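This is the structure I want to talk about, given as structure tokens.
Read from first to last, the chains carry the letters A, B, C and D; within each, the first residue is number 1.
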Amino acid sequence: MISYILRRLAATVPVLFTVAVMVFLMLRLTPGDPAAIIAGDNATTQQILDIRTKLGLEQPIVQQFFIWLGGLARGDLGESFFFRKTVFELISERIEPTLSLAFLTIVLAVVVAIPLGVLAAYKQGTWIDRIVMGFSVIGFSVPVFVIGYLLVYIFAIKLGWFPVQGYQRIGNGVGPWFRSLVLPAFTLSVIYVALIARMTRTSVLEVLSEDYIRTARAKGQTEMKVLFQHALKNAAVPIVTVVGIGVALLIGGVVVTESVYSIPGLGRLTVDAVLARDFPVIQAIILAFSFVYVMINLLVDLSYTIFDPRIRY
Amino acid sequence: MKSVKLSRRTVMAGAAAAGALASSTGASAQGAQNVLRVVMHSDLRIIDPIWTTAYIVRNYGYMIYDTLFALDAKGEVQPQMVDKYTVSDDKLTYTFTLRDGLMWHDNQPVTSADIIPSIRRWAARDPLGQTVMGFIGSMEAKDPKTFEIKLKEATGLLIFALGKPSSNVPFMMPKRVAETDPNTQITEFIGSGPFMFVRDEWKPGDRAVYVKFAGYKPRSEPASGLAGGKVAKVDRVEWRVITDQQQAVNALQAGEIDLIEAPSHDLLPLLKADRNIKLFNWNVLGNQYTMRFNHTVAPFNNPKIRQAVLYALNQEDFLKATIGDPEYYKVCKAMFVCGSPLETMAGMEDKLESNFAKARQLLQEAGYNREPVVLLHSTDLQVLTNLAPVAKSLLERAGFVVDMQSMDWQTVVARRVKRDPPTQGGWSAMLTSWVAADILNPVMAGFFNASGDRAAFGWPTDPEIETLRARFARANTVAEQKQIAEAIQRRVSEAPTHVHLGQWYSPGAHRGNISGWLEAPAPVFWNMEKGRGA
Amino acid sequence: MTAPASSEPVASADAPIAAPAKPTVWRKLFRSPSVVIGLAIVLVMVFIGLIAPLIAPADPTAINPGARNRVPMATSTMRLDDGTRATVTHYMGTDTLGRDVFSRVVYGARVSIFIGVAVALLSISIGLVIGMIAGYIRWLDGIIMRIMDGLMAIPAILLAIAVVSLSRAGIVSVIIAIVVPEVPRVVRLVRSVVLSVREEPYVEAAVVSGTPTVKLVLRHILPNTVAPLIVQGTFICASAILVEAILSFLGIGIPPDIPTWGNIMAEGRQLFRIFPHNILYPGIFLALTVLAVNMLGDGLRDTLDPKMEKRG
Amino acid sequence: MSAPILDIRNLTVELPKGADRRNAVENVSFAVYPGEIVCVVGESGSGKSVSSHAVMGLLPKGQLKATDGEIMLEGEDVLQATSSRLRALRGTRMSMIFQEPMTALNPVVTCGEQIDEVLQIHTSLGASERKEKVLAVMESVRLPDPAKLFDAYPHQLSGGQRQRIMIAQALVLDPVLLIADEPTTALDVTTQAQILKLIAEMQERRGTGVLFITHDFGVVAEIAHRVVVMQRGRVVETGTAMEVLKNPQHPYTKMLINAVPTLTPPVREERTGELALETVKLCKVYGGGGFFQKKREVRAASDVEIRVRRGETLGIVGESGSGKSTVARCIARLIQPTSGGIVVSNIDIANLPERQLRPHRKHCQIVFQDPYRSLNPRRSVGASIIEGPMNFGMSEAAAIAKSRDLMNLVGLSPDALDRYPHQFSGGQRQRICIARALAMEPEILIADEAVSALDVSVQAQVLDLLDDVRKTFDLAVLFITHDLRVAAQICDRIAVMQNGVVVEHGKTAEIFAAPQHEYTRALFEAAPGRNFQFARVA
């Protein structure tokens, strides 16, 4: 087990290196010039050149890459081209809202989706099944921002139950924090609920045809317990996998949701940084997201051992 | 000692704001009266108003810095930090005396030793500053409160320049800050203005926070434009970032914020219909849409072809497509802005009427070879997005071949300084907007600079315009200035450096309990009050 | 015993062998309601896109600053190039540039569906080739899969944002941007099919018959990937149409002058509260199409491969 | 005799529309009395499993439905019972064990808990009492170290231990009726013998009535008190074990019994053909060479030396995991041996790379166990047959002509060449696979458990076919099987494998007459019905 984790951790190094190279190259080849953006509207060509030199953008790309890599190795993510702040500082102040949003979204999605999926599987072919699956397909079909605007219009403007936008730090109290995140989490979780409910249904359906379900029934077990004790635990591995895969999906959704709800998280930072060509920030964020993704997949793989004793590393 | 007090206030104010949002929908809660929650047009990312010309940074400058002179509501320059000044008879020696009680935010007194490097650093960056610097022989601090500027040659621009209302504004900074290399961003936030910047709460992309500076001594005159007594009437100003325009309007209507600097024009009907919301046109001079040519490559290296554009376009189409409501735009052929001292129609009478026949004729005479016009289209700034499609449609009707390339504004910014041929990442034309206060005369308006490589992007070379601009700088009377401005406009109507596409106004919106917003070229938050209720 | 319910007829030279010679997949397909409904809607959308020039009352890119933000069913007069004037009824209103939303929506069907289909075809063909190589050539497997892991680890939207800003905004960049993150998923799917199929006795029988590798892959392994790939393809297609809309929303998608459903919605989003028609109508078309493609995919999956792991 | 525990009267279960017949079982009646083992025998599709599932009320919902008759369990009709009443009966009055203990046990729950679950559902015992009871029942089914196995997961147990857990779980509450649905089919022969013994013993000790479903007459002979023979959903014959086995009345019963191969090998002449295949110290090792840790090495085959002459059938006999299939796959070069030589036509093909190997592929062909996966479902059987010859340069026309001949030879109509595999039955497919192998004109034919998945009547026909083609083409046949009866019938010589090693080899008749190795003797001991002389009736 330990050696497995070590091996997996070691394997993340080449993956992240690939990511680093690709991201770095992609950014340096983009047409945008951060120096021009920094210099502003009235800048002359010479001023822009000065700034480029100052930012180190005039060095050969390979050299820039190794300077950056060297910094990374020392744990130094560099400094934003724009803000008088280090990338580390920028990311760490943005991490709480994004984590909160992602956390609430996943909790909400799991709590809603899994019972729905189990129900649909149990009632396979009935109208309940069709409604649940119909909802899940619609969940895939409506763009996130449309859902966001609709929810804001109904629940914030018409009903006034939740704030229109903004984020309350958890330090200001759990109540306000939660209220500020209800609509964003709902918006973001729609596609997630759809995804997990479908996976749960499929996976439970498959398990329900297994012999040990028949065994459990032959013992006289009640249907509820057959579903939730025997079926769900066996169906857990693909469900957990899809939750893990969904993290990638979530990251995309976070960008849009944070824009709609003005949540000062990493998603917004990413868009801002990309639009401003703030290379050090973009590089660090993509690398961080990739790292999180890889780690979550490792956690997912490790969680298999909890759900399925046959899996040992 | 001071910092302890400051931080306690900060904490208390922060707690008040948090409490406000925590209660119900956050609509105008009782505890939040001294906090002004504002959505500005953009996010504050850079905090050096000399280093960049970005308007958001200019606005930041007005919060924390003070100026020697300032433009009042009538458009006249008034002393601000300066108590009084004298001019020698030969108009070459200016002696300034600072007001009593001017303090930096670190409670050090403001002295002449701070002023001179501040002027120098500004003059190194600002085009008008550079021009004025050409006239200045020496600057000298006579005593802590007095300094003297000696000119090599008389100019009417010195006081005007020191009171320049918009980017770059000559803000005064402490000596150690002002001595920073002009090409390097400053790292300190110490000014002498009515508000202090709270560094710890500055989260780019989220918010920028200011608190009232207790040590600020306002002038005794009532506030007028950017001049007069800058009395901070709220304890705290928070600039919130809401990138989604509609959400900003929603938040204003829900009372989650108090004020929007520049709500999207298309959303104004919503705000007009809301009894709790008031609209206020704070920038009376407004803004001017502009099309800039790249003079270094075909087809716009040919003045006749540029003139054809002038004939082909009309202002109304652009204004309708972007602003829509005629209440907020004005067709105006005066390049130095309608309503300003230098307003003139000279040379423009038959232009900007979408005379396609004339345009086609000019193209033929110029031997237009159907080189494609690479038109940069920015897609993410609401006030600019619809300009390029209109330009494309009009130019095509005049016989141009247009290759409109869409990109975000930052890419436009990067792209427009590239001098490559249009097919290899260069450009032919782009559209932008100026704050009218920045283009009131041919010296300060950057697009009239026709000194080739030293000019702003587009790089026009036109010795005739340059000669006229030099003469303008030396002109001492308004009549003389106006005559030169007319000549420049005439010259530009023959060989355009850029095309002005109409004036537009961007009213701010605020909740009914906010009062005291001043008419000025920049949004300022002194004098503003927040009353009870919505 | 696990054998099917039919008992073993005694084998003989003239054993009765029932059932038609052609597999019944087609008939099964057309009995599935989700396949039929999904396919019907998709075909209607494609048809609308094809006949767009015939049914659109106006040029979808023709701007008319005088007729901005008109509500549905309003009329306006347009200045034509030859100087004449024409009156247009805007069934779905106009946008902020006075363009006819109905015309944009029907022309948008072309681009949106094209993007969906192109992305699906490209990701699948590229993924198929790479997946086959990874699954069959063992020593390349490790290298390929590590690169795919790397690609997969970059969040798709971020990758798309970066790719789109790499070259000038345009349909091609958007397609590339959406294809790149999809490829690793297809590769994984193909590879897993290859790895499981290559153990099948009939493949081994072919190996023993001396079948050359290329033939082996094309004849015996490739056909097994068709069903899961068709299903996967429909989901990729649906998600591509959506991602295009999201990129437009973020302001980095296809140039706004090219009508796509995402673009129309993205441009109309600021006016959602005043003029919801800008989002509503393209939104209905978009959701309906994505819904139909998803339904088609679900139906195909249930028909072609009931055991296949379901992906979003 | 006392009243029956289970009395099935005129049971009819309907199949869904579109099936090949209307009812899965029709008008079935039989009874189980206390302390009696009733075997229900039949081939696949006979309806024997459906009947037993109907008793438990476990028919798949919406697919199968009992439409007529009654199932009386101790006088109570379970077909009329409510679902909660049914749940109360299951596990207490009647319980069931299944064919595949691996899949019938929940893989993610410990064995102890799974037995405990029955007690939790049906009793109000406290945790410690339950545990005590569970350990006791585990002890009684002869599980070693119950305390340790209590916390083990099913995958950590052997197949036999898993089936013991199933039995413990079924018997923990002393039901009156135990239904055993092919409980030993998936087990190795030695394990099967132990489980059969256990069931008989438990039944005897507890006086439980057992309904035992099987397809294997050997098992019937071993365990049954009474026998019910089913065919296509109907009961064709019932009687005591002796009556049915010794004196079958119904033709179908006769046919089934005749098809059971005897354990007595027929006399076979000495084969003297040239040597077709020889392996020299053939070894195959799996695993090893981990990156961070040394992986466990498995020697699937070690130093295997076999020789097969043309015209001769060599049987490799062993239980699962003995390495017999590994040897077959090495010889067919589906896998590469770790060391040793494989000499075919005087060439050592053991280490040839794929490209050089290809010309030699035609010498050695293989027929696999699973007839449903051995043919590409997307290609017509004709295309599958001609593929090989065409790989070796035969023209399409010639290959088709040849395949028509081969279809005749294996007893199928040449017109069926255009059809697809799903249109054939399992036995027919196995014939096609043989035709496909023969199309290559091989010298060696490997049959890897080629008849194991077939019903006994079909099995006999395919065995005959294999023997015929051996004679016709003078083939060297390598016959891999776990079934001693089958081996006895077809093999000239056999090699017995255990744990990757050939423990004994020699002439079939000699080994069957006097097995030398301990393991071989154990195999013979375990063969079900070995002491029973089945009626040979015409």
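Descriptive notes on the structure:
Everything below uses one rule, namely that a residue touches a chain if its C-beta (ideal position, glycine included) is under 8 Å from a C-beta of that chain, and two chains touch if they have at least 3 such contacts.
These numbers were taken from a predicted model, which means no experiment stands behind them.
The set of chains in contact with chain A as well as chain C comprises B, D. A straight line joining the Cα centres of chain A and chain B is 39 Å long.
Each chain gets a centre from the mean of its Cα atoms; for chain C and chain D, those two points are 46 Å apart.
For this pair, chain A with chain D, the centres built from the Cα atoms lie 49 Å apart.
Across the assembly, chain A contributes residues 31-32, 149, 259, 275 that each touch 2 or more other chains. Residue positions of chain C touching 2 or more other chains: 165, 168, 251-252, 269, 272-273.
In chain D, no residue touches at least two other chains. Every pair of chains that touch is listed here: A-B, A-C, A-D, B-C, C-D. Across the complex, chain A meets chain B through its residues 31-34, 36-45, 47-48, 50-51, 54, 82-85, 90, 93-94, 149, 152, 156-157, 160-166, 168, 172-173, 175-176, 179-180, 259-262, 264, 268-269, 272, 275-277. Touching chain A in their complex are the following residues of chain B: 18, 21-22, 24-26, 43, 45-47, 52-54, 127, 167-168, 183-185, 187, 203-207, 240-244, 246-248, 250-251, 253-254, 256, 380, 408-411, 413-417, 419, 425, 432, 446, 453-457. Residue ranges of chain C in contact with chain A, taken from their complex: 146-147, 149-158, 161-163, 165-168, 238-239, 242-243, 245-246, 249-252, 262, 265, 269, 272-273, 279, 283, 286-288, 290-291, 294-295, 298, 307, 309-310, 312. Only residues 244-246, 249-250, 264, 266-267, 269-270, 316-321, 324, 377, 379-380, 382, 385-386, 389-390, 392-393, 397, 404-408, 411 of chain B touch chain C when the two sit together in their complex. Every residue of chain A that touches chain C in the complex is listed here, in rising order: 11, 14-19, 22-23, 26-27, 29-32, 133, 137-138, 140-146, 149, 153, 191, 194-195, 198-199, 202, 206, 238, 242, 248-249, 251-252, 255-256, 259, 270-271, 274-275, 282, 285-286, 289-291, 293-294.
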